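Notes to accompany the following structure.
By letter and in written order, the chains are A, B, C and D; residue numbering begins at 1 in each of them.
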Amino acid sequence: MTLHIQKSFDHNKGLWNIAPQGEVDISTAPVLRSCIDEAFNEENGNIILDFDQLRYMDSTGLGVIIGAYSRMKEKGYSIVLKNPRKNILKLLQITNLDRVLCAELYE
Amino acid sequence: MTLHIQKSFDHNKGLWNIAPQGEVDISTAPVLRSCIDEAFNEENGNIILDFDQLRYMDSTGLGVIIGAYSRMKEKGYSIVLKNPRKNILKLLQITNLDRVLCAELYE
Amino acid sequence: MADLLKLSVPGKPEYVGMVRMAISCLANSVGFDIEAIEDIKVAVSEACTNALCHSKNRAGGYEVYCEMSDDKIVVSVVDQSGGYDKNSYKEPCLDQPKEGGLGIYIIKALMDEVDIFTEIGIGTRIKMVKYTK
Amino acid sequence: MADLLKLSVPGKPEYVGMVRMAISCLANSVGFDIEAIEDIKVAVSEACTNALCHSKNRAGGYEVYCEMSDDKIVVSVVDQSGGYDKNSYKEPCLDQPKEGGLGIYIIKALMDEVDIFTEIGIGTRIKMVKYTK
């Protein structure tokens, strides 16, 4: 299974845009974890996870995101998740994480 | 595995155009066989098999085509195979069937 | 009568994707729609992840059994990872998100029937059923 | 050390596609390119087709073993279909196309090493090796 991740930092907005493509499962979740951690360590800032190109994710991916979310929250930053596909949105809804991570869906 | 087949008869040219889409293997080869047979019984005429949308085929599909080719040849008709993908062309070359079925590649 | 397919899988993360792909093929042949196939993929992956992550012996493999009938698929994931104490299992508290502990909860949410048989020192068998409806 | 994955497959045509899909996943993880993956898919499908088509007992299942190493994949398809007489096997005559008889010829053309063990009254094991080069 493959996971490719694109990331860029928007200096004006002080915002990371991180776009994983492919599948996040037990074999690729570590790649997502280190990508998010490295980005945040390089430049502290909020993170947008753009899931438009993410086909599959399970609890291994949710764990990575919750972990990063908690660590960033302590320092006053947050993570927002955009464009999740139907299958991933369902997972977020089942676990109530949609309210925390996709707040804009409820505005 | 799925196989969908589109067919149409060109009355001006007296020619069948049959375009299988998907995969031909042991589970779907009978569908291809009856499609070709039914077409030829409905209207005798040469057949063009347009393989542009065929992703996979193995010897079960070759068998179907050789069978139809032989039966049609007795009555003076023929089958021509168009647009095979690289993997299918390789199979035709290995078995020398490219010279019989894709003659135009060698003109 | 149901068809039974069995996969014996090496105990490494990189093969979970292959199991998922194989199961999604089988679910498709039973006639599940896309949403149900995605549910089954996630549930089976969670079960495989547990077989891998909670194994006491490194690189122990596991088995995946799939029974395909007209109206349902039954998937069992069986490991020799040492089992666990079912009584100490706690449902996740969704108001306070934590990094782990979501796997079984998600499996139960996505599948129609879930049974877990586990024996400490031996291993675990999780049986998951989904109906085509 | 090589990883071993085993599939036990029901003896019905509709599962050959699933085997092909699973093997192509595994070949991809070994690092084969697209052309080689297609070769492996065809060779394994041919072997499964033989296990199915020449079976004396209806609906007998078969096993597919895959060994993944750094530089090669070894796939064995094993059936209890009754075996056959290897001495009576004839290579196809390519100048006179016939409806059948191409399977083993194609397998040998697409894979780097092919060994067939067959015992009349018992069954057949075909072992196919492909190197990443």
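In this section, a contact is a pair of C-beta atoms (placed from the backbone, for glycine too) under 8 Å apart; a residue touches a chain by one contact, two chains touch by 3 or more.
Note that the structure is predicted; figures quoted are calculated from it, not measured.
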{"item": "Required minimum of steps from subunit B to subunit C, each step between chains that touch", "value": "2"}
{"item": "Per Cα centroids, the chain farthest from subunit D", "value": "A"}
{"item": "Centroid spacing, where centroids are CA-atom means, of subunit A and subunit D in whole angstrom", "value": "42"}
{"item": "Distance between chain centroids, defined by C-alpha means - subunit B, subunit D (Å)", "value": "25"}
{"item": "Centre-to-centre distance between subunit B and subunit A (centres being mean Cα positions), rounded to whole Å", "value": "48"}
{"item": "Multi-chain contact sites of subunit D, meaning residues that touch two or more partners", "value": "14, 17"}
{"item": "Multi-partner residues of subunit B (each touching 2 or more other chains)", "value": "none"}
{"item": "Chains touching one another, given as label pairs in label order", "value": "A-C, B-D, C-D"}
{"item": "Residues of subunit C that touch subunit A when the two form their complex", "value": "13-14, 16-17, 20, 35, 38-39, 41-42, 45-46, 48-49, 52-53, 92, 94-95, 97-100, 102-103, 105-106, 109-110"}
{"item": "Residue ranges of subunit A touching subunit C (in the complex, touch as defined)", "value": "1, 23, 25-27, 56, 58-60, 62-64, 66-67, 69-70, 86-87, 90-91, 94-97, 100"}
{"item": "Contact set on subunit C toward subunit D in their complex", "value": "3-10, 12, 14-15, 17-18, 21-22, 25-26, 29"}
